[in-house]
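Chain IDs A, B and C follow the sequence of writing; residue 1 opens each chain.
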Amino acid sequence: MNSAIKKIFLFFFVCMMASCLFHCPVSLHAEGILGKLAKGEGKWGQHWKPIEMFRWWDPEHYFEPENKIEGVFEGEKCVICHTLTTPRIAIDWKESAHSKAGVTCDKCHGSDHQKIQLPNPDTCAKCHPEQVNEFKSEKETGHPSHARAFHPDVVEAGWQISKPQPEVAGCAQCHAVENKCDSCHFRHRFKAAEARRPEACSYCHNGPDHRDTECYTTSAHGVITALDGDNWDWDKPLKVGNYRAPTCAYCHMYNGTHNAVENAVYSHIGVEEIDRGAEEFAEKRKAWTNICNDCHSARFAAAYLRGADETVKVSHAKVREAKAVVEDLHKEGLLDAMPKDLARYLDEGHKWNLGGRMYNVTAIEREFFDMLVYQGTTIFKAAFHMSANLQTYELGAFKQDESLAKIKSEASKLRRLKSLEDKVGIKYESFDFWKVGEYTNSLKVIK
Amino acid sequence: MNSAIKKIFLFFFVCMMASCLFHCPVSLHAEGILGKLAKGEGKWGQHWKPIEMFRWWDPEHYFEPENKIEGVFEGEKCVICHTLTTPRIAIDWKESAHSKAGVTCDKCHGSDHQKIQLPNPDTCAKCHPEQVNEFKSEKETGHPSHARAFHPDVVEAGWQISKPQPEVAGCAQCHAVENKCDSCHFRHRFKAAEARRPEACSYCHNGPDHRDTECYTTSAHGVITALDGDNWDWDKPLKVGNYRAPTCAYCHMYNGTHNAVENAVYSHIGVEEIDRGAEEFAEKRKAWTNICNDCHSARFAAAYLRGADETVKVSHAKVREAKAVVEDLHKEGLLDAMPKDLARYLDEGHKWNLGGRMYNVTAIEREFFDMLVYQGTTIFKAAFHMSANLQTYELGAFKQDESLAKIKSEASKLRRLKSLEDKVGIKYESFDFWKVGEYTNSLKVIK
Amino acid sequence: MNSAIKKIFLFFFVCMMASCLFHCPVSLHAEGILGKLAKGEGKWGQHWKPIEMFRWWDPEHYFEPENKIEGVFEGEKCVICHTLTTPRIAIDWKESAHSKAGVTCDKCHGSDHQKIQLPNPDTCAKCHPEQVNEFKSEKETGHPSHARAFHPDVVEAGWQISKPQPEVAGCAQCHAVENKCDSCHFRHRFKAAEARRPEACSYCHNGPDHRDTECYTTSAHGVITALDGDNWDWDKPLKVGNYRAPTCAYCHMYNGTHNAVENAVYSHIGVEEIDRGAEEFAEKRKAWTNICNDCHSARFAAAYLRGADETVKVSHAKVREAKAVVEDLHKEGLLDAMPKDLARYLDEGHKWNLGGRMYNVTAIEREFFDMLVYQGTTIFKAAFHMSANLQTYELGAFKQDESLAKIKSEASKLRRLKSLEDKVGIKYESFDFWKVGEYTNSLKVIK
């Protein structure tokens, strides 16, 4: 325990510091001085401006310190002040391995308080080169990957840029994983034991196009983890025998690798119609079966994977049946609005991109998008993560049955309207609201 | 340990009591003696009859004791009997602070067994006046609020009363929070440590118009709580430094206040198109930023809030685009059924109320309702609770894209049908099924 | 601790064994030797072929050992080898009651490694006859039941067989509960303490037609279990006083019975329009109220059940209103495609089955299916499991309002199109895509 006098001294010291802080303007940038935020980066850089949060989501490109506290602080000095101003950060750090190893605040944030920096993977690599190199090696291993999640998936994707940035902030928030290690290793403890838990992955891996959490938690693996996981020693490495049930990290970061893409069979072809039995996947599939083999027989694992592939194939057959119906409408000019009658796309103009757009399309095209991308991804992920409900019922096969029925009923109506109009001599021209409207106009601004 | 003889005595004593109980009719009221349940209260009192559960959901208005056990019991005497008849209630109470403080059953329920009462906030106020006063002060602070959740949100809302009461029982069950403290402090432990946990709030705060739980659990704050919360000391007060991550209660009941409305910026304008940057919110926003400031820099917090506001604004721009499409249909009389062709509303007759009705409307109006109220609320709550998926994907911005496409495709068909009918001389009159039907007729009964 | 020499010996022994294993073909069956998998069983046996996973989902009918390891192993000998080859299985077993009781691997799987068997309930009955007999007694108690989940619900259901088997693999995965005790008692611990937890039930009881988990977790019972369940002693039997809140097993396996159907009031009439107050349910309802009575007054319990029944009745009134609208379309031949214009059904040919089919139907019929089966089941299960949101909002009453609006708007359009076609002399014939398509054709193959 510190003495009372030391405490009083500290209190006044911190009050003085804090007083400086509170008298400075909260945000210079908000008043027009945008600094690095004035312009986006990448292929479409001239078309977009990042929202302020990009400072923290991509600090390497956008962060600029703005801090009135003067002085150079090192080691315990930072901790003393922050124990009073932001106590939890200090407490968390004190409970971290960093604290025990003498990695004080300044080691990652710098010591000049007016030039405070936010760490990026390179900062972490100074002490953890192996993990960061493995993480970065994902760029070579495949796509999608954590290491390429921000560039190109957010910053260089036409549809991301064409939409107002605040609308797609949710994308950037998670895809920032490329730029910062604390997406998984929550600050300021950064514990591997926490990052190993499926809850950590669930922060981003949920929802229609990343439905891994929902699939895992409804699988037998996930249920056993929910039942018993709190009794496990998550400090143990991700090695055979250490975990009663496989977790996200156990399989995808097998033996602790930080390249989570190498342990996956078909990460990039969830929604693509690709020959899933092709030779190119044989080796990956064998590696995968070896992981299953930690607990299951090789025969069981191989049979399960073959079954899951067949489940995905049926899903694609259903999608192709729907696709033919919509393509015929397009060919005959029968959509509610043809591509030329919709707002222009930033990247593809008026090109038709069935299944590639979830906005600025007609209802039947959006239904098809859902069927292919949202339901298709769910079926793929559910089948390979053993979720009975999600592959067949709720958002899977039987949902695709519904989309197929809706697409056919809509096609039927569009064709009947056309026949009637032809018969009575009406020439249907799509209504103006398809390309003009308050929100739709805001898409054009970025063109 | 009690002696065996004492136990045997108790057993026979209780059996005798229980025998009285089992020989009494289960419910007199079900046999026609409705008592206080004969008539609703409030503005529409003459139009509705509460279901039986209102006895427990609003005991002050509707509870009437009905108990054959005679006698006046106090202190341990109640506990002795209930330890055998309803053991868990007794065990829970024994583990409560009430037990330690000598607050026995009779203190809250009364001692005359045939006049047993259910406690309401005023009962709790006898010992906890500060908390109950804070809770009641919500009535002055704003709306919605826990303290006004039953009156006016349930009992005096026209649409609640126009629907059959058993159908909207789910509303009353949660909104009963106005009338009873055990909505959060689960009986019979009533532990603050439990009420502080987000699970307690999740009991009511879930689903399309109260989607706080889903938004919180998919935020970084929620994920850290899921990962680590079981290791926290929830007996600690809701003060800076005590919790590693903010919970519902940490921010909204900051420093332990039971007025959960005062710590919120825009609780009442989730779905309303209001100038979110207006002066009137400046002070609340500053107070809020101060809470964030417990862990985050003021600049970070302010930037996040500004971004969330922009996210909500885009959502409203999209809603307005859809609204214009539906309003034009209404103006030109082109809805599947115009308001006059639908069943009358209890409170507004045949007045058109776009976005204000989720039933007894046509498909395009319901789609608009979902877009504004369900998706709009989700986007608002997700943005301000930092859920990436819910603000942008699953039930947020991209769902609104779908609703917009559906609304336009539907409008397109309605217009084409009208042009065809005009051309061939058909005068479309909406079908009878719009205002007549087995369920729809049951709405009218309450008119 | 074993000595180092013993460890080295073991290592080489196991390597030798494993080497045999890895040199054998992974699957003979995949190369055309289908064995027991060549043909399905049951009424439609000649029409279908099980997928490979049926070996493990219904081992009694389909499992054939295929193992190159020669030899007969008993007791600890199995454990020695599997501690190295599949360590977690061995660790889990070591922590099981089986281990303590000397129930080694061979007791359930046999000792001849080339004739390894998978256990089924009869295997377990050798030591646990009471539990298995109770489980099997469900066959007489009612339907649906765990003990009849595979036959007839999967194997003998026409619609299950008419769909490609990989598509409905999710059904078989859970319904396999009929054939194996480890659906609830997760291998290789088989702990009752785990099977008692709601997480265990949640493995199967989720999703649109089994939405028990979602309903329970959003009820007060479920919330208390989430808040406090980790502090409970789940080794305690399912008896009054042992659990602070009721769980799935507490009520449905009351006092530990393995007949989970006997403790339910209307398990078979969730979606059926049956007189819920009928005499035949009176006794079951009374038994049920007795369970509630462990904690609640009989009056409270009876009132709640009456209210839930009324909630379900309103749901059915709404369904009947929609049904009349669709039936009128059918009567007048106005569906997008009439039953004769759809693909034939395996079991019912071209018979119309409104509400009985979720695929190979038109959009309005599917909407009706959702309204009756998915939303109706949700309302039923939510009302009786006390989920406020699910009975009224998200997927309940207000979702049915949406379906009703959609059904009426669709009916309106179908009728207007018909009037127009009649007027101008067009004879609408349903388009070919209704009965022909890549997926739809695959249904016919099994005809």
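By our rule, a contact is a pair of C-beta atoms (placed from the backbone, for glycine too) under 8 Å apart; a residue touches a chain by one contact, two chains touch by 3 or more.
The model shown is predicted, which means the values in this text are computed figures rather than measured ones.
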Angle of the C-alpha superposing rotation, chain A to chain B, to the nearest 5 degrees: 120
Would you kindly state whether over half or under half of the residue numbers at the chain B/chain C interface are used by both copies, giving same or different? different
Whole-Å separation of chain centres (CA-atom averages), chain B against chain C: 31
Among chain A residues, those touching two or more other chains are 230, 410, 413, 417, 420, 424
The residues of chain C that touch chain A in their complex are 21, 26-27, 30, 51-53, 55-56, 66, 86-89, 91-92, 163-164, 166-171, 173-174, 186, 194, 197, 199-200, 202-204, 206-210, 230, 336-337, 358-366, 370, 410, 413, 417, 420-421, 424-426, 428, 430-431, 433-434, 437-440, 442
Help me check something: in the complex, which residues belonging to chain A touch chain C? 218, 220, 223-224, 226-228, 230, 240-241, 243-244, 289, 293-296, 298-300, 302-304, 306-307, 310-311, 313-315, 317-318, 320-321, 324-325, 382-383, 386-394, 396-398, 401-402, 404-406, 408-413, 415-417, 419-420, 423-424
